[in-house]
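Before I ask anything, here is the structure I am working with.
A, B, C, D and E are the chain letters, set down in written order, and residue numbers restart from 1 in every chain.
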Amino acid sequence: MTDILNALVALSNFVLIPGAAYGAQLALGALGVTLIYGILRFSNFAHGDTMAFGTMATILVTWGLQSVGISFGFLPTALIALPVGIAITGLLLMGTDRTIYRFYRKQKAAPVVLVIVSMGVMFVYNGIVRFIIGVGDVNFADGARFVITAREFKEMTGLDEGLAIRSTTLITLVTAAIAVALLFWFLNRTRTGKSMRAFSDNEDLALLSGINPEKVVAVTWLIVAALATTAGVLYGLDKSFKAFTYFQLLLPIFAAAIVGGLGNPLGAIAGGFVIAFSEVLITYAWKKVLEYALPESLEPSSLVQLLSTDYKFAVSFAILIIVLLFKPTGLFKGQSV
Amino acid sequence: MITVENLHRHFGGFHAVDGASLKIETGSITGLIGPNGAGKTTLFNVIAGRLPPTSGRVTMDGEDITGLPPHELFHKGLLRTFQIAHEFSSMTVRENLMMVPASQTGETLWNAWFGRGKIRAQERALAEKADEVLDFLTISHLADERAGNLSGGQKKLLELGRTMMVDAKVVFLDEVGAGVNRTLLNTIGDAIVRLNKERGYTFCVIEHDMDFIGRLCDPVIVMAEGKVLAEGSAADIMKNEQVIEAYLGTGLKNKQAAETA
Amino acid sequence: ESHGETVKIGIILGFTGPLESITPDMAGGAEVAINEINETGQFMDGAMVEAVRADSTCIDAAAATAAAERLVTTDGVAGIMGADCSGVTGAILQNVARPNGVVMISPSATSPALSEAEDDGMFFRTAPSDARQGEIMSNVLMDRGISEVALTYTNNDYGKGLADSFQSAFEAAGGSVTISAAHEDGKADYSAEVASLASAGGEVLVVAGYTDQGGKGIIQSSLDSGAFDTFVLPDGMIGQQIVDDLGAGLEGSFGQLPGSDSEGATMFQEMATEAGINPTGIYTGESYDAAALMLLAMQKAGSTSASDYAGAIMEIANAPGEPILPGELGKALELIAAGEDIDYVGATAVEFIEPGESAGSFREIEIRDGAIETVGYR
Amino acid sequence: MSLRAPLLFVAMALLIVATGLVQGWNLALTILNMGLISAIMSLGVNLQWGFAGLFNVGVMGFVALGGLAAVLVALPPVPDAWNAGGLRLLGALALGAAVLVAAVMAWKRKVGGRARALVLLALLIGGFFLFRAALDPAVQAIEAVNPSLTGYLGGLGLPVLVSWPVGGLLAAGAAWIIGKAALGLRSDYLAIATLGIAEIVIAVLKNEDWLSRGVKNVIGIPRPVPYEIDLQRSEGFAAQAAGWGLDPVTASTLWVKVLYAGLFAAVLAVILVLAQLALASPWGRMMRAIRDNEVAASAMGKNVTARHLQVFILGSAVCGIAGAMMTTLDGQLTPGSYQPLRFTFLVWVMVIVGGSGNNYGAVLGGFLIWWLWVMVEPLGLWAMELITSGMAADNWLRGHLTDAAAHMRLMTMGIILLLVLRFSPRGLVPER
Amino acid sequence: MAEPHLIGEGMTGGYGRGADILHGCTLSVEKGKIAVIVGPNGAGKSTAMKAVFGMLNLRQGAVRIGGEDITHLSPQDRVAKGMAFVPQTSNIFPSMTVEENLEMGAFLRRDDIRPTMEQVYDLFPILRDKRRQAAGELSGGQRQQVAVGRALMTQPSVLMLDEPTAGVSPIVMDELFDRIIEVARAGITILMVEQNARQALEIADTGYVLVQGANAYTGTGEELLADPEVRRTFLGG
């Protein structure tokens, strides 16, 4: 019996919880990507760097707060700074839209042109972030890192295996759930949300219905700023902030948004978990779990690993491709241009 | 002859085509009418291979053609137009027509690279043919315009024009008349009759303009709610109470009564 | 007659790209040596040395080649301190350095394959060979009575080479490696790797990576999930930053990095701190040494032409001669000018073996009370 | 066509010449050579996107396969490794392929819903373990052969030029498999699928050491042109160089680059002519029709799937050829250096900035963006100097900015990219 | 006589930098009346409608509503002035449900829209059944009904319809024409393009025949219907 419990705890500790944490992080990022795709109809390559910028802004404010001695108890101080970070990022995004994207929107440029333009923006944000905060690792987490550590868990339960739960994991999961619910409600139930969908569906007709495109775009960027900054800060609290890693996050985030179905918030969430779990599960070495779960005589001598971790990205992409082969526009029937 | 046997096409729980059976006789101009949402376009889409049927069978001259992809059906001589115009918007109007004929020499890369001479002759013939068609459709001045820039009606004409670029056996016309000027539509009607008489094309025509149907089609098949409601000559159909109730309405009946009177 | 001339040295490192967070300190290290030389005013009858930086991008061989081409043909550098990643280093060596006859001293390219590259005697490196460090690491573990380890390495020539050499040495010595799992640098999440490492088990986890890259992510994730408490850290993983970042988690972890029982390392740390660069940054000492060696060799040959001074590098690096520590470059210049032999020791106890690479003696360290403490030399 | 394209090409040539005059001809030729290769890559992508609207974001994978070809063709075989496990390895691969073929055949059988799925699953899982059981020992044996220098099977020892077409074939083969599976996907969904496949290709290259030494890299790939050192040592060449008024070192470095440039230019010219002929033919018209409206094209008798597959294979093959050329030029294969940013997205930038759908545009974009990619570094530094020139030497900001100067590189790239697209949103040489 | 409620006067212009499509075209409608535009394909009917709605840059001419010059207003501002427009093509939001399409029509309204929506459903009963379905999945005729419904939701004072009956079945067409008369009686100004010209001209107060971007014939609906030349050349005999 305890063996079974140990097996379950080991599986949770190394697969389920980390997978859920990573999945929720990807999901939050993917929400932003999917929203831009859904409303403005292009894949925004600058999203990773937008997350980096938002996080950087939040970090700077956090430092400010910390230096005057403000903290948030067992929660990270960065959460207090977050709204300010969002506001700054919002300004940046709206400014970018004004100076750059709007021109192409007016021209009715093909989506792929906007994609390339967003690459240009990506390079520029890239530079801005590195100018301001540099290229190194920045640790800005404070407050309690764990809700429960592996050791505490072992002591509490007397099991051989520990179970660690980080506070950021919980915050991220809760935030992702709230964000997707809010976004879903906003897009499908509110007037502004519907007008945004209308704008994405048929821009000219939206105009004829009296919808103000500039307002739609501004609201979109503001929500994106909130999503990107929140995602970036939560990720940074969990791991650490480093500009290059945020750029690298872009690919799994895109993968999540696409496999879930572009333009669909629920899809972004589902996609995040699909990507995260396919990375963790397929390359997992089942040895330990089986040792607990199976009788002595059947215990495996090898690692019982389907593929080595070298292939974890390959595997997650392979799963993504297989999903797409069966569901060509993603799990939740996304849009396509 | 095209036969459709007990054809079903469902979208989720909705039965757009719900057990339709009908025949399109070789050499006929068959009309297909019915209320909006009766399943006419869906039926066309299934016959022409655009949508797979949920169940049922389609044959052409005895051969089972159910579920064949559109391009194979095209090669068998089955052509169709689209209710909502599907032009190649970034190509010129002439190119839109010239791309239609199948098995052009220049459509293989080998010939594109090494058979320039042959291609040139064929292209010239194609361009001439295209210009003839454009002339007929009264849009020859637009030959070099991007098709995306055409007016709504002109796009419908282009749809029709494509079917005139090749020798087809069976042509399915989905509301080519909607949005087309009535004077021009009459000319088109004449052309359809001529193609039917002189070249033996079989036509199946969806149209809501009863004048047009009445003038051209025999027989007329009426669909409603995914099934065949009635079939017969145009005159019979227009007197059919069921059809009047579901489709024609009393307004037109009154008008026609007035006109005949 | 070279009085008042300017000698240019190219510094080609990946200032953008995956290694962008460590390269500024590396370049800084090299520039510390250059400034030191300039301040003496005794280099080649009063010539001044100027550093010209260029971006290797670490990953883009073609861009790196173009950058090196510019340094050599446009700026006319007399030697190249670089490059960092083995891939671009090989490309620059073959396509620019060799054809133009320019010396390259890389502070960090550790691929064993580079030893065999055709180099016409133009290529040197101050980074220790992966093969040697593997053996040392195996000894360190064996001496501590540890016989079962899990191993993860960064998936490049450095990590792979080190992991391979360690594994074969360790297994030959009777130890067992439960799993050898690669990790990619700069990725978002390392749960999958840690899950497999934990499942395979082992007394300690050997992390052949970089302090601010995937290696740190792996350790962080292992600590979070309680998978391992003790880590074995080779050179790429040792730096004060990671100790500060991970706090108590690294307590009791140990490892080794190139270094000898000389004051060189400490002296360099002081100099670096003064110059405002991170003294424990990876490969900063190696960069300092690379630049110093190159310049001293020029002094020795009395020429900035590679064909003249390339041969002098080995002579200077090794005994016999007066040992030279960081901060003593002025003395070295004087000795050379006086026609005496020197034995450059530098920040990393440079000792060159054929074909021009560091033999490497190692310093064993352990993390105690949040500090990196030296526990011995090997 | 207007004068725009020729003028832009002249301007591009002038840029390169100016680079030569200001910064030296070696640098100019280096840029030109990679520019030629970039132009070929961007032609390949243009074939897929510009002609047929296929959003292939897996360019990197095909380029890498081309690079692999250079190793497999040009390096000498490693007899010890072949003896250790070469045949066993080939057998294992054949077994793996057989399992896959069997699985595909089982899948194609129209009968038996759930039973078929189960059989398929059993086949795949069983086959996978069988395959691993056969493969792993062979791999271990091969990789154990002098791992720091070889540890792989080596190549065929043929002239490296052979690897260019072979690279194309390798990429084409991969494209065929990928196309069969994934071309049903549209727009961004196809994009992410191809991106994923490219990542898988790179993962294989990085981790299958028996194939091309994985991350340990293969260096010293033989060249199709002489080595500078040999030229410098040759009496005849020295005399020649003196005749040109150059010292042997400069002359040899220039000469080698000129030779490469000639080879690359020839390949580019052939591909460009073929692409241009294809675009202007009925085939090109058919492709554009498919790009504009697949549904209508298919109703007009065009086999959309087959055409997509064809053009996907062609474009990928072109990328593969370019990849082999690039690896030849670098003289080494370093799988770790294949990054999507550089080998996929930068190529896309070339196509879009040049003008998608237009072969000349793609070529121009290839040259221009490559030139920028190399030149933004000094441009960025220079801009930074300009910005900081007014500041005091010990100004904190100045120090901070100077430290960050390297990042001006990407920023400059971004700004120039945005400027170019601002003034010609449809590319420098638009389709029409 | 006071100026007509809606007037597009001497409109000249075209798309982008291309050639002019309209050449001094004039259209006007009195308040609560119906004006119908007919003409061959490509005559510029849709272009004229777009010009009146501000979706085209006019080089010459003016558009006035109730005497107020609105030539330089954006389309949204014209919606705010009580104008509604059903374009000829892409006139629905395809991925939104039928009901959401109708709601978007009422985007600028702040009052209760339920009654109007009920009216639309009464007029087009099929839409009630399909109200939760994405409009892009509807049949051609059903889409057309959604498009007209969307415009009616605006409760406009000027209603502009570009071929509203294209593709709708006779029974719905009759309903639609009846409804248009009703709407006009309620004081709403109606400007529409029709190819079902005979039915349309029967209910028209004013008819315009447009040829090559210019007015060719103008008169009451009856006059045009009675003109044999017009009948033969434009109305199909």
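The rule is simple: a contact is a pair of C-beta atoms (placed from the backbone, for glycine too) under 8 Å apart; a residue touches a chain by one contact, two chains touch by 3 or more.
Remember, it's a predicted structure, so these values are computed and weren't measured experimentally.
> What chains, if any, are shared contacts of chain B and chain D?
none
> Touching chain A and chain C alike: which chains?
Looking at chain C and chain A together, the chains touching each of them are D.
> Which chain maximises the distance between its CA centroid and that of chain B?
Farthest chain from chain B, going by C-alpha centroids: C.
> As a quick test, compute the distance in whole Å between the mean CA positions of chain C and chain D.
31
> Where the centres are mean C-alpha positions, what is the separation of chain B from chain C, in Å?
Chain B and chain C have C-alpha centres separated by 74 Å.
> Between chain B and chain E, what's the gap in Å when you average each chain's C-alpha atoms?
Centre-to-centre distance between chain B and chain E: 28 Å.
> Averaging over Cα atoms per chain, report the distance between chain D and chain E in Å.
54
> At least two other chains touched by the same residue of chain C: list those residues.
In chain C, residues 20, 24, 155, 182 touch at least two other chains, as defined above.
> Which positions in chain B touch two or more other chains at once?
Residue numbers touching two or more other chains: none in chain B.
> Just spell out which pairs of chains touch, all of them.
Listed by label, chains in contact pair as A-C, A-D, A-E, B-D, B-E, C-D.
> What residues on chain D touch chain C, complex-wise?
Touch list, chain D to chain C: 22-27, 30-31, 34, 37, 147-149, 206-207, 213-220, 227-229, 249, 252-253, 256, 326, 329-332, 334, 336-339, 342, 373-374, 377-378, 403, 406-407, 409-410.
> How about chain E: which of its residues touch chain A in the complex?
Result: residues 53, 55, 74-76, 79-80, 84-85, 87, 90-96, 100, 103-105, 107-108, 150, 154 of chain E touch chain A.
> Would you tell me which residues of chain A are touching chain E in their complex?
Within the complex, chain A contacts chain E at residues 191, 194-195, 197-198, 201-202, 204-212, 335.
> Of all residues in chain A, which touch chain C in the complex?
10, 13-15, 17-19, 21-22, 25-26, 130, 135-137, 139, 145-146, 149-151, 162, 164, 166, 235, 239-240, 242, 244-245, 248-249, 252, 276, 279-280, 283-289, 303, 305, 308-310, 312-313
> Under the stated contact criterion, what part of chain D meets chain B in this complex?
The contact residues of chain D facing chain B are 274, 277-278, 281-286, 288-289, 291-293, 295-304, 310, 314, 431-432.
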